[in-house]
Structure formats: C-alpha cells, structure tokens
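Presented below are the structures under discussion, each in the form of structure tokens.
Shared between the two complexes below is subunit A, which has subunit B as its partner in the first and subunit C in the second.
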Partner chain A sequence: MLVTKPIAELCALLIDELHGELPSRIFAMLLSKGRSTVPQLSQYTSMTPRQVRHGLAVLQQHNLLFYHVDPGAELAFYEANPDHAYNLVRTGKILEMIDTTFGAPAKDVMQSLLLSGQTRISDLVAAYQEKIEQANKSAPGVGDDGDFGAEPNGADGDSQSTKSGGPLVKSTAHLNTILCRLVEAELIDVVHAKSFESSEDILKTVEKEVMAKYFPGGVKGNKAKAEFQERIAEGLRKVRGESKSLKRKLEQNGTAAKRRRLLSGISAVNGVHDEDMDPALDPRQVIRINYEKCLVDLRNRRLVQYASDMIGETTAYVYGVLLKLLTKDLPRCRSDPVMDAEGDNEESEKGPGSVTTEQILDNLKTSVDLSLGIGKAERRHISSTAAEKIESFPPKKKRFIEETEVDGEASADEDEGDDESSEESDYDSDYKAPATNGTNGVNGTNGTRVKFEEAAAPKERRMDRPSMLRQHLLILAESTQRFVRHCGSNEWTVDFIPVMDSLREAELDSVIERTCGRQGLRLVRILRAKGKLDEKALPNVALMRKPELQQKMLEMQTAGFVSVQEVPRDLKADVKKSFFLWFCDVDRSYNRLLDTSYRTMVHCVQVLEALRQKERDVLETTKRTDVRGREKDTMRKSYYERYSRFLDCERKLFAQVMRVDDLVSVLRDF
Partner chain B sequence: MSGRGGRGGRGRGGRGPPTNGRRAVAQNSVPWTMDSDIVLDGKPSEQFPPYNVPKAPILTKTEEKQVSCFLLFREQCQDSPLYTQARSRAQASSTARTYGQEQINKRYGQVTKATVDPFTAVPMYSHKFRKLPRTLPDLGSRPFAKEFFPPELHSTLDGDDELAGPGTKRRRVGPKTLGLSNITSYKTAEELFLPDTQQADSGANLNKALELLNTVEKQNEDGKEAYLSGEDDDDWVRGNGDEDEDGDVEEDDVYDDESGDDYNAEQYFDGNQDDEDYDEGGDDGEGFF
Partner chain C sequence: MASDGKAEDSVKIQILKDALYDEMRQHGSESRAFSQKDILDLNIIPNGNLELLLQVVQRLCDDKLLVGIANHHAGMAWRWRSKEEAKKYTTLPNDETVMVYSIIDEAGADGIWNRTIKNKLNMHEAVVKNCIKFLESKGYIASMKNVEHPNKKMYIKATLRPSERATGGPWFTEGELDTAFITELEGIVFEYIKTKSAYRGSQPHPGGAAGAGTTKVPKRGAVTAGETTARGTKRSATEISNDDTTTSSPSAAQTKGTSGGGTATSKSRTVFLPMPAGYKHYPTVAEIAKFIHDTGITNNTTLGEADIQQLVDVLTYDGLVEMVRVGRRRGYRVARAVKQDTVPFHKRQKEREAGNGLDLPLVQGAEPLSNGLTEAPCGRCPVFQLCEEGGPVSPSNCVYFLQWLELEDLPKAVAPNVAVQP
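Presenting the complex of A and B:
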C-alpha cells in the first residue's frame, strides 16, 4: 500500500482512537521516518525510551508493526504496518459480518481476539474460562430473580441463553468449536516466526536462500533467471503458507461435513452438546485475525449488493450462495504479482475454480422463493444458444477465444424434461451464431431478460427448483456486468477482475454524476468510448453547444475526471493552431478519488475530535463511574441533551467514515 | 469619486449652465442624479447565503449494526489495560500550524502537574468517581506471546521496564491473565432517549431492579465500602436490569483481581502516599498502575 500523507494521518488517528495517544504518536513517526530503532524513535518524538518501548509493545501486540532483528544485533528495526492500521476502520464491518455468518458467539470470540491482538490459544481459553466461572458464580447469588443473574451456561440447558447478559460462549469446548470454525474459514490464522517481517525483508531472505542453495555461481541466462524467479515464488509461497498450518491440521483431523452437522446440533440443542468431536487446538499456538480473508468475504457482500442493485434480490441471493461456495478456498482478493504469477501448479492462479448447479442448490435455503425475479418470455423471443453459451476461458483481451459449444449442454437442459433437447443439440452442432429462431427455444424459459408475457404456457409456470435456479444463474451470466461465467455445462464461476472493474466503474460513474451531473457523466462516457477527442470534434459528437460543453469539461477537469492534452501542429507550437485533445484517464480518476476519500475520512475523525473538545465538560462527566450507564438519571437535562446529541453525531461521523471506506475498498482492495 | 460627487452637488445647487463639457457629462452620466426615485439597495450582501448542504442518507440497518459494533469495540479497547487514556497534548494550541517535527513534539507533554487547572484540581467529592488516566499501558497485567516480540521489548512486556532508581516499587503480584472486557453494549442515542422500551421488555423485573437499587442506595448511605470497591458489583449491575449498566463498575473488579485494587478511587484518596505517583511526566505512572 502506497502511504500518502492522508493515509498516514488517518492511520495515526485511528490508532489514537482505539489504542491511545502514545502508540499513535509512535506509529505516525514510523510512517514518516521509515524503519527506525528505539533510540531513533525516542529522538524523533522526544519521548523517553521507556515510553517508546511501551508504545511499541502495544503496537506489536495489535499486529501493527513489522520488525527486523539482524542476527547478533541488539537493536531491532521497527516498521509500520499501514495495511493493518487501515483495516482498523473495518473492524465494525468485519464483526458485523461474522455476527451474521457465524452467529453472536463467534463474534464475541473474534472481538476478544481483536481486542487483545495476537493471542495464545491457551490464554484465550483461560480468559474465557474465568469469565464463564464468574458468570456461574454470580448466577446463584442472584438466583431468586432468575433473569437478572448471569445466564446459566450450557450445562443448565436453559433457553435463556439468547438473553443478553449471560456469557455468549458457554464452555471452553464451545470456544474450541468456534475457533475451529473460524480457523477453517481462514478468518483466523497462525502467527509464525516470519509474520512480523515486512514483505521486503521476506523477499530478501528468500532471495538469499535461493541464491545460496541453487545458484551459488550466480544467475546467468534467461532460463536460469526464470528458474530463479520460480524458486523465489515457491519460497515465498511456503512462507505464506505457514500461517495456515492450523487449518491444515484441522483438515487432516476431521471432515468439515461432520463438524457442520455437529454445529447445527448445537444451535438446536442449547444444552449438552458433544463438542469433544472437534479436535482440540494446540494451546501453544498464537492466533490473530486474517484481514485478507475477511476482505474476501467483505467483497462477496459488496458484490451481492451490486447484483441486488443491478438485477434483483433473489438473484443476488443466489449469487451470494455461489460466491460463498466459490471463495471458500480463496485466500485473498488480489493475487500477489510475484508469488502467484508463474505458479502454474497453484490453484489460486487458476482462479477460484467452479461450482455446479447442484452444489448451489444444496446450499440454498428452502425458504427462499426462487420463482421471484424471473420473467417469462415466449420461446421465439429467446435464443437458447446465446443464453446457454458456455465460455470455458476467462475473457482475455489479447487473444480471441473461440466460443466453445459443448454438446453436454443438452444434458443441462434435461432438467426441463423436454423432447426438444435432442433437437437442440443438433442445432448446437450446426450453428455458432446466436440466431433467433423460433424452433430452438427450449420452453421459452431461458428468457433471462425479464419480459413479462401474460400468455405464457401453464407448463412454464411450474418450473421446478433446479431450473429456476438455473434461470437466475443465466441472468447473472448474461448481464452486462458479467457477474458469472458459465464455464461448463452446469458449472459456474466468477471472473473477479472484470466484475470488479465494472463495479469500480459504476462507483466512479456515480461519483461523477454527483459532482458534475448527468451531462458530465455522459461526456465522460463518450470519451471512454472514443478515446482521445479533439476539442473541436467533441461538440459534434456530444451534440452539445460549444460554450456549455467547454464549461462542463473545465468543471470536470478541475474535479480530475478528464484531462486535456496539447499537441502542437508544427515546431512553433502556436497555441491557436495546436490540437487540444480531451481524454479521460480512468486510473488517474481512481487515484484522485481514493485520495479524496482518505481526506474525507481524516476530516470526519478530526471533526469528531473537535466535537469532543466542544463538549468536553459533558464528556468528562459521563466518564465518571457513578454517572456511566445512568446518564439519564444522574445528569442535568441540558447536559444530557448535549450528550445524546454528541453521541448521535459520533455515530453519523463513523458511519460516514465506513461508507467512504466502502468506496476505498472497492477501488483499492477488492 | 468623491471629488466628482462634490462637483456634481455644486452643479445641482448652482443650476447654472454648464461651464465645460466635463461637468455636463458628470452630471448626466451619474445614475442617481437622473433618476430620483431609484431605491438603492444599501444592504450588504448576505454573508451566509442559504446553501443546500448535501445530507447523507440515513443509516441502513446493516450500517447501524456496523457502527454499533465499531463503537462497542472502541469502548472495549479504551477499557483494556493496553489503552493509555492520558492526553498529554495541550488542547489550546492544537489548531496552531506546525512546521517541523520539533514543533509537533512540543505540542505533547503539555499536560503535567504544572499545568493543572487550579480551579478543578482541588480535591472534590466527585473526584472519587473519576477514573485516573493511565499514562503508560499496563503491560504487566496480561500475558504475551513473547517469542513474537523483539528481545529488547521483553522486559517491558513483563512490566519490569522501570526506571533504574532503587526506590521503584513492584506492586504487581498474582498471575497474569488475559481479561475479557465486560462491556457488552454501547449506548446509542436512541437507547438513551427511550429507556422505557428496554425496561418494558423485562417489565416484571422492573420492581426487582428498583428494589435492588434501593438496597444499593441504602448501603451507600451506610457508608459501606462495597459500593464501589467491586465486591458487590455483580448484584448491583445486574440489579439495574439494564443491559447497558455493566460498564465500569463490573469492569473494575476485573482489574481489582490482578492489580491490587488500583482502580479503587477511594483507596487512592485514602492512601495519600500514592499521590506522588500521579503523572510525573508519564514516567512514574507505571509503578502505580
């Protein structure tokens, strides 16, 4: 991540918000000065070395640092980890996501983990043990008023556990199960010796090792260079894979299906659950949150939202299930250029694999009505070849890919139980071009574009579930955003890069529309389609009057969405004679947008700080131990109103930060 | 301009024929001489004209939840032993522009014993409810995975990173445990405004809550130490029946177990010998906390 001034500021502010002033100052200094030692830091910040050490310890505990100790050296070099610091702003989203997908207890565990930074499993278990015991102890104390005491834990088998107040995690076995699930989902990974080396350091070490081991005489020739790269990538992958050691161990021990069944049992029977079947995690291991995988899940949610905006909710739900299945083993959103480039035997390079229709069907909730969101069209309106087209390769710009038509497609249509399937397969073998033909429609149900035809045959109305699911998937595949690729008969996959590109473009478009209006957006789209356009030609293409157009273009130029290039006609470079070419550089717009977003976020947090200053007296009162939690009763009314207004503002400001972060993650991380 | 106006005025008064062309031009070209019934708008332009401030759409349910999660997390963070509450930055100068690191550094370390506000620094009764800010993180109270820290930080992690002086006292005894935060919810403005809805849920328990409150108050009148020292907290907190109540008071007892009751504000004011520890430039704090 390129650290610019606004990001540095933002990171420092976030750390200040969550971990206090001391670590924040040190972090800001590390960002501005680069890697430094304790004496250096103490000189830069004019703090005592002892303060610096304390601050560094806190940062390191929260995974916000890289450090490097040369063998034999006394001093360590510290370096800031801006990615993790930025991810602090996503804490709310991650926790909410875990709450939705894994349930409240998992969220509780994750929150504790985030709170304590990197943690040894045994420590975490002990902490929970203590909490549970405490709850148990206090339960009989207030036993006379059942609901007020801590909720009885799992052993009591009471149904009150849903109430707040009691421990969400019932027992250490329950904790173990949750940890297992989170580890399996890769949301938690293991801290290993190299976790805190910066990527450059790791690269250097691996390079050195490879040089010493395979190329003692130096790398000569193209072939050797390629091999050298290959070896480095392999070494890096090995280092990276170390953090997944716990997951691998879990996979060896038991099948996921068994556990899943078990977990469903837990949610049903609150009382005695046999969690012993989960293998106990090695208590010596140290775990922490894996932001990369969290980002993958957040991206899934964003894509589902995108699909929901573009197509419809039911289809988006189907898409969500598909994405969840697809990204189960996807470790990160963006593959690393060094590690994943030539790794021909690694699956991550090959994309996320594919999912069959049956798999999706198995994972769909039965309560979801799939018939919603599908339109009906007459069969003659539909070209089933075009709709059912199978693209087995991801779209690539450089080479033309023949659209492979597979005969197996016919079997895909057998779901619909029609005698026309044979006819269609014949048709497929003959034709390539998607021609609209009255004879080739299969039941007319492939009308993926929603066309409402009242006169649809009754037979079409009662589609069975699999074929309805297929319709949804076909809608996704056919959309202009290319949500899904139909990569084999009944096999579906997602090419994340083009989908994300289209999402990014949509985001940019909406920003342009908000700042420069529809006209501006139209002009940008024209420029995108045409490339560079002369100033004189643009009014004709855009069908706008020249002064209006120029004003709009200037407006957009100041906003950074379009740029102008001056091309002199002759050597003298006469301004009157030279060409002025308008163009829009999308990447530059993205970068500019990102920069503005960071600034906005910084501004939000600063406004919050100013508000705190303003309401200082009120906030000081609310911090008192006798007031806290009983603000309404203890505070004077005017104070209380100011306090609640402040809380409101705070929520709004943080919500704004998170919304801006949505944009940032789409532009930068997904 | 003013000279011209004067001349025009004289011209108007004289009513004589124009002596030269210039005056005639001046007389006729000035609009207010020709048009007597024009009303000049003498008001200054509006300093803050109405501006259509773009308003963010209201939060969706998911966003509400996300923000709540974040705020709750922040509350917990700020209660953890690793958080340093103390702000050493003088707030008055915070808006001043700075040039260079030195000036930035000078902004900090402003809040010391010498800069306390004499009006609020006099010990008051309400101060016993105030939480003392921590100047350094309380590292000694919890376990760390030391192998992932550079060796130079190890003694700091143990809480041994004291000043070299022989008078430093070690107060930390007992096992190190990772305390989980007991804050389970964050108060939102709506909850504050509508406390009744929450209690309505546990309507039957309301009476009991009041009862417990009464007993607590009675205890307080009797001067029982238990009120804040954390022994009775569980009853007290749960007795309120409000899920938001288990904030500080309960959390105190987590720290009490391991830190020798350091957070007990009463003890702070009773035992005067501890006063010296408070914020000696942020260096002495560790011994106390």
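Presenting the complex of A and C:
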C-alpha cells in the first residue's frame, strides 16, 4: 500500500481513537521517518525510551508494527504496518459480518480479540472463564466492552442491550467451538515469528535462504532464473501457510469438522451445538484476526448489495449464497503476483472454482420465495439457447488477459478434479427438463392486456424451486455486469476481476452523476466508450449544445474526471487550428477518488474531535464513575440532551467513515 | 450565298441545339455530367462533327442551358440546366450578378459564405454586396444559417432547401440544437423501452409489516417472523389475481389500491421486474423507430433509424438503458428495472404541475446510486482542496458538516471561538 499523506494522517487518527495518543504519535513518526530503532524514535518524538517502548508494545500487540532484527545486530528496527492500521476502520463492519454469519457469541469473541490484539488462547479462555463466573455469581450487566471507540452503528448498541440476559458465551467449551469455527473459516489465524516481519523483509530472507541452499554459485541463465523465482514463490507460500497451521490441524480431525460444515448455517441460528465434538485448541497458540479473509467476506457482501441495486433482492440473495459457497476456500481478494504466479497448478486456492445449482439449492433458506423478483414471459418469447449459453472460459479483456487466463485454467482443472460435481451431473440432467419449459405463465409485454388462462395458474405453481433458482442464476449470468458465468451445465462461477471492474466503474459513475449530473455522466461514458474524442465531435454524439457541453467538460476537468490534450495541426501550433482531444483516464479518476475518500475520512474524524472539544465539559462528566452507565438518571437534563446529541453525531460520523470505507475497499482492496 | 449558308447554319444549329438539349434532359438529371463522348453518343450531331458540336454546345452555354464543368478525371463535361433557371440568368442585368449567382448556384444545398464569393470572384466588396442585394430582392437567393459555422453569413439558391449537413439534421431547428425536443423524445423512447423490457408485477413489501418501510436488502442471518409469513408461502392464488388487476389497470397501481381482488394482500406494491434470461422481445432500434413513426409525434421531421440509434445511444450513455444481445438480436432494456418508477414520466410531470409529489426528484429513470463520498459534505464541498486543519477552512470550523449533523444553530456559537483564535 502506498502511504500518502492523507492515509498516514488517517492511520494516526484511527490509532489515536482506539489506542490513545502515545501509540498514535509513535506510529505517525514511524510513517514519516521510515523504519527506526528505539533511540531514533525517542529522538524524533522527544520522549524517553521507556515511553517509546510502552507505545511500541501497544502497537505490537495490535499488529500495527513490523520489526526486524539483523542477525548480530543489537537493536531492532521498527516499521509501521499501514495496512493493519487502515483495517481498524473496518472493525465495525467485520463484527457485523460475523454477527450475521456466525451469530452474536462469535461476534463477542471476535470483539474481544479485536480489543486485545493478538492473544494467547489460554489468556482468552481465562478471561472468558472469569467473565462467565462473574456473570453466574452476580446480576448480569457489566460488559467488558465499555466505550469501544469505533462502535460503528446502532446494531452494536442493540446487541449490548440483549446481552443483559446473560453472557453470550456460555462456557469455555462453547468458546472453544466458536474459535474452532472461526479458525476453520480462516477468519482467525495463528501468529508466528514471521508475521511480525514486513513482506519485504520476508522476501529478502527467503531470497537469501534460497540463494544459500540451491544457488551457491549464483543464478545464471534463464532457466535458473525461472527456477529461482519458483523457489522463492514456494518459500513465500510456506511462510504464508504457517499461519494456517491451526486450521490444518483442525482439518486433520476430519469427522468433527465435516460434521460442523454440514451443520453450518443451521447452528448459527439454533445456537445449540454439540460442543464435545470439537478438539481443544492448543492453549499456547497466539491468534489474531485474519483481515485478508475478512475482506473476502466483505467483498461478498458488497457484491450482493450491488446485485440488489442492479437486479433485485431475491436474485441478490441467491447471488449471496453462490458467493459464499464459492469463496469458502478463497483466502484473499487479490492474488499476490509473486506467490500466486505459477503455483496455480498445484494449489487449489487459485481461481474460485465453480458451484453447482444443487449446492446453491441446498444452502438456500427455505423461507425465501424464489418466485419473486423475476418477470414472466411466455415460453415462446424466451430463447433458451441464448439464456443457457455456456461460457467455459472467462471473458478476455484487454487489460486482464494474463490473470483471467490463469483463472480459467485453474477452474477448468478443478472442474475435472472435482468428483462431487460429476456425481451431481445426474441431478443436473433431471432438472434441465423443467428448466427449459420453466418460464411459463403470463406474457410480459405490457401494452397488451394480461390474461390469465385457466391453465396458467396451476402451471404457475408447478414451476419447481430448482428451475426458479436457475432463472435467477441465468439472469445474473445475462446481466451486463456479468455477475455470474455459466461455466458448465449447472455449474456457476464468478469472474471477480471483471465484476469488480464493473462495480468500480459503477461507483465512479455514481460519484460523477452526483457531482456533475447526468449529462456529465453521459459525456464521461462516451469518452470511455470511444477513447479520445475531438471537441467538435462530442456535441454530435452527446446531443448537447456546444456551450453547455464545454462548460460541463471544464467542470469535470476541474473535478479530475476528464482531461484534455492539445494536438497542433502544424508546426506553428496555432491554437485556433489545434485539435482538442478529450479523454478520461479511469485509473487516474480512481486514484483521485481514493485520495478524496481518505481525506473525507480524515475530515470526519477531525470534525468529531472538534465536537469533542466543544462538548468537553459534558464528556468529562460522563467519565465520572458515579455517572457512568447511569447517564440519564444522574445528569442534568440539558447536559444529557447535549450528551445524547453528541452521541448521535459520533455515530453518524463513524457511520460515514464506514460508508466511505466501502468505497475505498471497492477501489483498492477488493 | 455565304450569308444564306450562314443563315442556314444558324437554323441548323438552332434545331440541333434544341434536339441536343431535349435528348440530354432525357438522359439524366440536372446533376449528371455529360462528357464529350456522351454527347456524341446521343447521335444528335451528324457524323460526329466536332466543329458542329463545338458550335452547338457553345450556343447552349451562351443560353445558360448547359453548364460547363471541369472534371478532374474525365476532363471537360457539361450539365444541363432547366429552362426556367436559364431564364433567370438571362434576365440578370450585368455580368457581375451573373457570376455571383452562378457561384451561389454551384454551391448547391450546402450554401456559400459571402466572403468566399468575394474571394473567388476577386471583386470589390461593394459590388458583391450590390449583386447579392439585387438577387435577394428578386427572390433568387436566400440567406441561410449553417450549424457548423453559425456566425457566417451564407447564401443559397432560394429554390433549394439547405442540406442536412448545413442544418445539422433533425435535431436542429433554425440552426440551434433543439434540446427541448430531444429531451421530450428521449423521455418517450425511455418510457417505451421501460415498459417493453420489464415486467410489471407486484411484489410484497419486504418485511411484510405495513409500517416496515422499504428495507431493500433482505436481512440474512435473522429471519423475522413477519418476513417468514410474507415470503415463506409461495405465491398464492389471491396474489396472482391481485397481479392481474394491477397489470390490467395501471391506474389502480398508482393509487396503491389493489381493491380489485378485494383480498387482504394489499401490502404488495407494483414494481418492474427483470425479464427472465433469454427474453427475445427486448425492443430493437428498428422497433423503436417504428413506434415513434406510428405515434406521429414528430409530424414535421422524419426520423430515420440512425437518428433513433443516436438517441438510444445517448440513453445508454446516460446509464438508463443497456444493450442486450440475445442470439443475434440487439435489443435494449431498461437498466435496474426494479428501481424504476412504475408511474409513467409524463404522469409524474402532470402530478407535479398539480402540486403533488414535489418532494420527489423529477428525473427519468431510477435514482442514481450513491456512496459514502457523495453523501458526506466533503464529496460536494467547493473548498475541499483548501480544507485542512490549521488552514483558513478546516474540518473543525466546517459549516457544511454542522448542517449535515443537523446542528445548524451551532455556527453562531462556533464563530466567536474562531475569531478569538490568533
């Protein structure tokens, strides 16, 4: 991640918000000065080394720091970890996601983990043990999560109120179960020695090792170079795989895991779970949150929302189930260029694979009515060949040829290897028949009066669930955004790169439309479709008056959405005769949008800080121990009103930061 | 004898002249260029006598019945000119006027700039002006406007209509882009595509409960009781009949009263739903053009398919419609069907005129998407670039944020604080 000024500022503000000023100042210094040792830091910050160490310890605890010790060196070098610092902004979102997919107890565990940074399992267990005992002894009430800074939304408050019924985590065995499930979902992984080193350091170490082990005489020739790269990638993969050791161990205990997988989804709702099935986790292991995997799930949510915006809720729900199945084993949104470059043939995690209709059907909630959300058309109005068109390979876009090709190969490989899908092909042929005559009933053309024939109604009801599901999937596949690719008969996959491209474009479009109006959007999209366009040609395509158009273009140029290029006709470069070519550089717009987003987030937090300053007297009152928790009863009415208004603003501002982060993640991380 | 011969010659030439002129008129329109060979092949001139031909053609040219043109490929060639036109030439008082008129004549439907006339003829400006004045008063030429060069004074033969290039096609009226016409037509085309490409159906309110508002995304994870009752049952017969009433009488949908069925499921709303994949009847440009033609909205301008294509393209660029290819058919469908307004646009406009629904934005198509950036004050802030802590404009004294947080009364309280600061 390229750290620009607004990001650095934002990270410092976030750390200040969550962990206090001391770590924040040190972190800001690390970002501006680069890797430093303790004496250097104390010099920069004019703090005593003792203070600096305190701050570093906090940062280290929350994984906001890398360190590196050269062999034989006395002092360690510390370096900021801006990615994790930025991820702090997503805390609320991650918790909400855990809440909806794994239930409130899991969220509680995750929250403790977020608050305490990386934690030894035994410590976590002890903490919960104490809490459970306390709750059992005394009346319920005091949650450990007093004023959690980045409390994102109202939902958080709600769950706290329900919590008063008793502790969410009922026993240490329950805790163990939750941890197991989170580990299996890869949302939690293990901390190991290498996870404190920056990726550059790891790369260097691996390079050195490979050099010493395989190429003592140096790397010579193309073949050796390729092998060298291969070995490095392998080494890096090994390092990366280390953090998954806990998951692997769980998977070796095959039966329990499998059982749970079958039950997953159900158990979250019921809450009752066979706890004895889970193996106890090694209490010495240190665990932390795996943001990479969290991002995958967040991306799924965003895509579902996108589909809901573009097509409809029911279809989006189906899409959500498909994505969930598809990304179960997808460790990260964007593959690493070094590590994942050539390893696709052996690694199953490359490429999203595919999901069969059957699998989706099994995971759909029975309460969802699939007949909703799709129009009806007579069968003769439907071209089933066009709808059922199978595209075995991802679309080849100019820009993404390499990546998509790799993807395609990988998924093709998997299809062959996946014996599950071949088993299910029997079922497939079963519901192909209803699917072809599936869309029946009324005709959809609007001008004509819709008549319900006697036969149509019972027919309507006969359309079975699998074929309705297929209809939703086919709509997704036909959409201009290419949400889904029908990659084999009854097999579905998602090409994330083009879908995300279209989502990014949609985000950019909505910003343009909101700031420059529909005509602005029209012009930008024309330029995007046609490339560079002469100023004189533009009015004809856009059907706009020249002066209006020029004004709009200038407006958008100032906003950074389009640029102009002057091409002189001859050597004299007469301005009157020159061509003026308008074009839009999409990547530049994205970058500019990102920058604006960071700054907006910074501003939000700063506004909050200003509000805090202003309401200082009120806030100080609320910090008193005799007031805390009973604000409404103990505070004067006017004070309490100010306080609640402040809380409102705080909530709004944080929610806003979240919303902006939605955009940032789409543009940068997904 | 010699004079006799001459007289005889002139009679002969006169006859040949008329015969040649008539024959040429038979063989092509005014714009056809006849080369020497073409004329000889008409078999009017006996024995292919070139001298005779020369004389005849010369006489015809003198009478302005033939126009000589220099063709780069075929050399010299001639076009015929109608007798009425020729008469106009002969009645002109002097050579200058003839030259000016002929140059305007040559320019044809594109018209010609008065300065070009001057430059071409190398005449004094006053002379050209006089000639033009005379011609205009006679009604031979008219001034015109060219879209590409709106400031140039152009002239055209009064009998001709300005070419499409000069007028800019059907989208221009009197040299100006007729935006009102275009907007109106866009609206019609959009409504047409919308109703033809999406299914008007009803959908129960998510959440079931009447006051639940519109929660757009189905909440996963926790299923509320209301939701189960609403969606758990598949479409019942009552709902279907309900569907029927709404589709047959759209006005019923507008009033939200689904009283036709008299059923209890009045919580459903009318929405547009996407068509199933592979739908073959998304309207194509040809169909839209036919629709526009049949309705006769554009009674004095004819719109070709290319023009409609241009219009549909603009709608596509606006993000209102999208192209779908089903098989070989290139149809257009409305984008984001579910979010579309089920009440036609013109009805909304009328409602507005009546004073209803003023709070709703009057735009075609669905509400544009929004994201965090466009909602925050910063996304639309005019001084965003200047805004920085410690600067003249900073987040801590931002008025937009205070408005946004609904703390409008506070700016007054803030102002003295800022003033106090050095």
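Observations, loosely collected:
Going forward, the second predicted complex is superposed on the first by the 556 of 670 C-alpha atoms of A that agree within 3 Å, B and C clash if a C-alpha of one lies under 4 Å from a C-alpha of the other, contacts with A are read in each partner's own complex, and residues count from 1 in each chain.
In this section, contacts are C-beta pairs under 8 Å (C-beta built on N, C-alpha and C of every residue); 3 or more make two chains touch, one makes a residue touch a chain.
Note that the structure is predicted; figures quoted are calculated from it, not measured.
Once chain A of one complex is fitted onto chain A of the other, the partner contacts of A:Lys131 are limited to subunit B, with no touch recorded for subunit C.
When the two complexes are overlaid on their common chain A, residue A:Cys584 makes contact with neither subunit B nor subunit C.
In the superposition on chain A, A:Lys365 makes contact with subunit C only, not with subunit B. Contacts of A:Asp99 after superposition on the shared chain: both subunit B and subunit C are touched.
In the overlay built on the shared chain, the residue A:Glu17 is in contact with subunit B alone; subunit C does not reach it. Look at A:Ala387: by the touch rule set out above, it reaches subunit C but stays clear of subunit B. By the touch criterion defined above, A:Gln118 lies against subunit B but remains apart from subunit C after alignment on the C-alpha atoms of chain A.
Judged by the touch definition given at the top, the superposed model places A:Cys294 against neither subunit B nor subunit C. Residue contacts after overlaying the shared chain place A:Asp626 against subunit B, while subunit C stays out of touching range. On subunit A, the surface patch touched by subunit B in one complex and by subunit C in the other comprises residues 99, 613, 645, 648, 652, 656, 658-659. Contact residues on subunit A toward subunit C in their complex (touch as defined above): 99-101, 103, 268-269, 304-305, 308-317, 320, 365-369, 371-377, 381-388, 439, 442, 444-447, 449-450, 452, 457, 460-461, 471, 474-475, 477-478, 480, 506-507, 509-511, 513-515, 518, 521-523, 525-526, 529, 539, 541-546, 593, 596-597, 599-600, 602-604, 606-607, 609-610, 613-614, 645, 648-649, 652-653, 656, 658-663.
Listing the residues of subunit B that touch subunit A in their complex gives 56, 59, 62-74, 76-78, 80, 82-89, 91, 94, 101-102, 105, 108-109, 126, 129-131, 136-137, 139, 142-145, 147-153, 156-157, 161, 163, 177-181, 184-185, 187-189, 192-193, 195, 202, 205, 208-209, 212, 228, 234-235, 238-249, 252, 265, 282-283, 286. Every residue of subunit A that touches subunit B in the complex is listed here, in rising order: 17-23, 25, 38, 44-46, 48, 50-51, 53-58, 60-62, 67, 69, 74-76, 91-93, 95-96, 99, 107, 111-112, 114-120, 123-124, 126-128, 130-131, 138, 141-142, 145, 147-150, 164-165, 191, 193, 195-196, 286, 613, 616, 623-632, 640, 643-645, 647-648, 650-652, 654-656, 658-659.
Contacts from subunit C toward subunit A in the complex involve residues 171, 176-177, 179, 182, 195-196, 198-201, 203-204, 206, 216-223, 227-228, 231-235, 237, 240-241, 243-244, 247-248, 272-281, 310-311, 313-314, 316-319, 322-324, 326-327, 335-339, 363, 368-376, 378-380, 384, 387, 389, 394-398, 401, 405, 407, 414.
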